[in-house]
Amino acid sequence: MKNIKIRLMLLPLLLSTLALGACSQNAKQDDKNAGTVTSSQGGDGTKSGTIGAGGASGVNSNSTRGDYLPNQNVNNDPNNTNDLTLSGLNDPSNLLSKRVIYFDYNKAGIRPEYMILINTHAKLAAKYPQLKMRLEGHADERGSREYNVALSEQRSQSVKRLMGIQGARSGQIKTIGYGEEVPIVTGHDKDSWQQNRRVEIKYDNY
Amino acid sequence: MRNGNKMDKVSNSKTQIIEKRGGWSIKKAFLPLFSVIFILLSSSTYAELELHISKTSDDGIPIYIANISAGIPGGHNGIIEADLKRSGRFTIVNRSKIPNIASYGETLNAGAYQDIADYIVRGKDNGNGGLFIELVSTTDNAKTNYTITANENPRRPAHKAADLIYEKITRRKGAFDTRLAYVTVTNSTSKNRTFRLYISDSDGNNPQSILSSRRPIMSPAWSPDGSELAYVSFEKNTSAIYVQNIFTGAKRLISAREGINGAPAWSPDGSRIAMSLSINGNPEIYTINTKSGALKRITNSSAIDTEPAWNGTGSIIFTSNRGGSPQLYRISANGGDAQRITFDGKYNSAADIANNKIAFISGNRGAFHVAIKSMSESGKNMLSNGRLDESPTLAPNGAMVAYTTLRNGQNTLAVVSDNGKSRQFLTSPAGDVREPAWSPYLHK
Amino acid sequence: MAMIGAILFHVLIVGLFVLSFDWTEKPEMAEAGIPVSIILPNAEALELPTKIGNTEKEPEKQIVEPEPSEESIKAAEAIEKKQEQQQLATIARQEAALKIKEATEKRLLEQARAKKKLADQKLADQKLAEQKKTEQEKAKREKEKQAEKAEQERKAEEQKIVEKAKQKEEALAKEKTEKEAKRKAEEKAKKIAEAKREAQAKKDAQAKRDEQAIKDAQAKKNAKKKEERKKREKAKRLAKEKEAKEKKQAEERAAKIKAEKEEAERLAKKRAAEKAAAIKAAKLKAEKEAAEKLAAKKAEYHRKWKEAQEKKKADAIAAEARKKAAAEAASNKEALVKAKRGAQISWGSKIQRHVKRRWHPPPGTSGKSAKVKITVSASGYISSGIKVLSCSGSDEFCASVKDAFEQAEPLPRPPSKFNFNKSDRTITFIMD
């Protein structure tokens, strides 16, 4: 009930797009991100991102390296975070409602298409310092179980690091690796495995 | 002297017996290889034999277990038979081959059954749940008698008998009177999913749950005295290592540090528990003193280091992807440089060590199998042929490996002998079974 | 005075020197002498057991000999000096002090003793020399004796050799005789054997021979009878002729007068005729006898020939029988060998299975191999130890090979009925 109220109050805001404060002036950083974001180097984040009804699909990129960096300002105000509200977490049309990042087999690197999603959540965390989240990493059933725990922990660490770059505080984010213990689906096929290789972003109260 | 010279001369004329051979492969290992061709090269009256023995054979020592009556389903003889068979070292002779064998206490002319079995086992219930067991060799008619006391677990006397028979014949300690710990999960994808930690006999019988949780329970590891289990719990939404007494249920927290607290493994002397912690950012191997709690970092790499297994008290085998793919490495239990010990295949992990053997998971072309190798040999043998086999654990004598394998869409327990000759699937309580851990020899 | 004082002083010094010499050197002299008397019995003792080692012994003696002589010369010189010095010393002492007198007396006594000793030594040396001479003589004698002995021994040996030769000859003779005897015995034995072997044949032959003998005997009897008959007839004839003669004589006496001359002539003729007749008869007799003998001989020869013929036949039959038996035995032996070999191989395959079932090589050892040799006792135990002839694997692998055999004991026992020898029970295994 509470969520609904908040959402109703913030509705008008959802219609506008917001520029996200960002900073990456470093083209090299782009290269790094292309492969993996597990690298701890660089304190820079992306320049900007967009959220809203358009979601990830509304991303425009001028980067020749790829279209994964939401570094283009749709909105001219880079400090406008009006669209990042807690109510967005429960709005199915809001990108914040999407909270699963999927991974490649035996990899902890973030796929480019999840940059915007991660950045968006990072900005939310940055905007609400009291907001706490858990990043729950998972693996598919292949390979050994404790190795998968480590792998899934690394996946959540990858996400956390990227969020840190985007302004989220370390104390806001807890990581956990569940390995292959908590699958989404029980199938033993490629589709099932893909669904199970993931990091789930979980907010304590939302 | 003359005779001696004669012998020498005689020994020069040899006769060769050449056997058909096949290269090593799992398939071949399960085919009887006994087509023997004899070629007489010399027509000499005296000739020494030359015989060929190939590693590839599924033939075991033929043993006949007479009916041992008892109030147990299948009888004590059934338990003993299954045990001996599971070791991959025996062939159980069908009881119909000796239809009316003299029962325990009556005179037995064992030599008469020489062509049927190498050994005959007879026995009887002592009336109080204990057993009288008699092992007779048909080769020399030698008899060995055992008296086995009763146990609150009525199946254990039979396992003890199997151990004694195994030890007498193979001169190696038997490991049938041991336990397995494992985890089951029911409703794995729903909110009602339940994890349970079980302990059963080594043949899967007599399962008893000692812990249950809505959150994952992982990686049970036996203390060297067989009275405690270390395991990983996600009870508090983060991983933690606990130790629980299997008899009293008392449990204590060993490690709940930030990040991963995983893969506990007791040192053989019980003084330390090795584990994987990520307090410094990425998973590394640490040891923790079980009395003082002192923590010692063993590995130092920017990659995943996990799944430690003690190779004696001096060194640790663990899984690391420092080379790009998960492989097994060896490191001193005091730290230092690690040496890679697996080289073929893109995925070698989850080592378990007993009696100088390492069982581990070897992945190739998307399939994961149980492999076994000797600490002193570079080669390995594949022991399983499932699609997604996991969590190998060696019996304390190194003669058998328990692991999980997918059967009918669910993970189930299997036990394979170290030579690959025998494989049994164990029954277990409802649910997906995972992470068996074979207990040490029992002292109680 | 100063001169006298100087002389006295010198004398004193000399006296002191002598004193010191007496007290220190003399016992050493005595000691130096002692070993000689010790060496002697030693030398003798050494000499006794080594009779042949004389040549080696002699240089030792020569070394021992000069030592005492030098010492004795030195001693004698010393004594002369001492005597002179002591004479001077006594004078000095008499003048210097009475106390030294006792010492000098003692010393004199000792001197005397020393002299005696020296004398003794000389005597001893002389004795020694004599002994040596005698010993040398002895040695010579002994040598001679030895030579004699050696000669004697040589002679004895020669004699022995001769005797041996004789003995050999005798032995050879004996051997010869024995050989001959043996040969004879063997021949006899052969004959006996042959006889035995021919027994069957002989029985038939005997029968025939018996018949022949009977026939011969009858033939002889007949011949004798004929002879007797002939003799009797001769006698009759002679008697008749006599009667006829007497008649004729009577008639002739009657007709003597008629023709004495004719009668005489006739008588002469008659006598001549008689003689001729007698000769003829004798001749006939001899011829008959010769014929009879020849016949007998012929009969004998025929009999022998027959016997030989039969013997040959019997021999041939026996030889054939022997051949047959040998062939049969050979085929039997071959069958036995085959059976034994078969039993060995089936036993081997049992062993093979038995060991194979108990071999648990460490994992990851494909391609590794070993060669093992064992000898199995009649009771199924490995009697010779497990000999690993070669092994290409690690220690663990090689140990597993050995372990397989240790576990396999007792092995299936070798089949008892073929009496497997050690070689039959020795097996080489190639294990890979």
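As written, the chain order gives the labels A, B and C, with residue 1 at the start of each chain.
In this section, a residue touches a chain if its C-beta (ideal position, glycine included) is under 8 Å from a C-beta of that chain, and two chains touch if they have at least 3 such contacts.
Because the structure is a prediction, the values reported are computed rather than measured.
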* Asked: Chain adjacency by touch: line, ring, star, complete or other shape?
  -> line
* Identity of the most central chain, Cα criterion -> B
* **Maximum inter-chain contact count - chain pair** => B-C
* Asked: Taking each chain's centre as the mean of its Cα atoms, which chain lies farthest from chain C?
  -> A
* Asked: When the centre of a chain is set as the mean of its C-alpha atoms, what distance in Å lies between chain A and chain C?
  -> 113
* Compute the distance, rounded to whole Å, between the mean C-alpha positions of chain A and chain B. => 45
* Structure fact -> dist(centroid_CA(chain B), centroid_CA(chain C)) in Å evaluates to 74
* Structure fact -> chain B residues touching 2+ other chains are none
* Asked: Of all residues in chain C, which touch chain B in the complex?
  -> 337, 340-341, 344-345, 348-349, 351-367, 379-380, 393-397, 403, 406-407, 410-413, 421-424, 426-432
* Touching chain A in the complex: which residues of chain B? -> 185, 188-189, 193, 195, 216, 218-219, 232, 234, 237-239, 259-260, 262-263, 276, 278, 281-283, 304, 306-307, 319, 321, 325-326, 347, 349-350, 361, 363, 366, 368, 387-388, 390-391, 406, 409, 434-435
* Partner chain B, residues of chain A touching it in the complex -> 40, 106, 134, 141-147, 149-151, 153-154, 157, 174-179, 181-186, 188
* What residues on chain B touch chain C, complex-wise? -> 7, 10-11, 14-15, 17, 21, 23-24, 34, 36, 38, 40, 45-55, 57, 59-62, 89, 91, 114, 118, 137, 139-140, 169-171, 356-357, 372-374, 376-381, 418-419
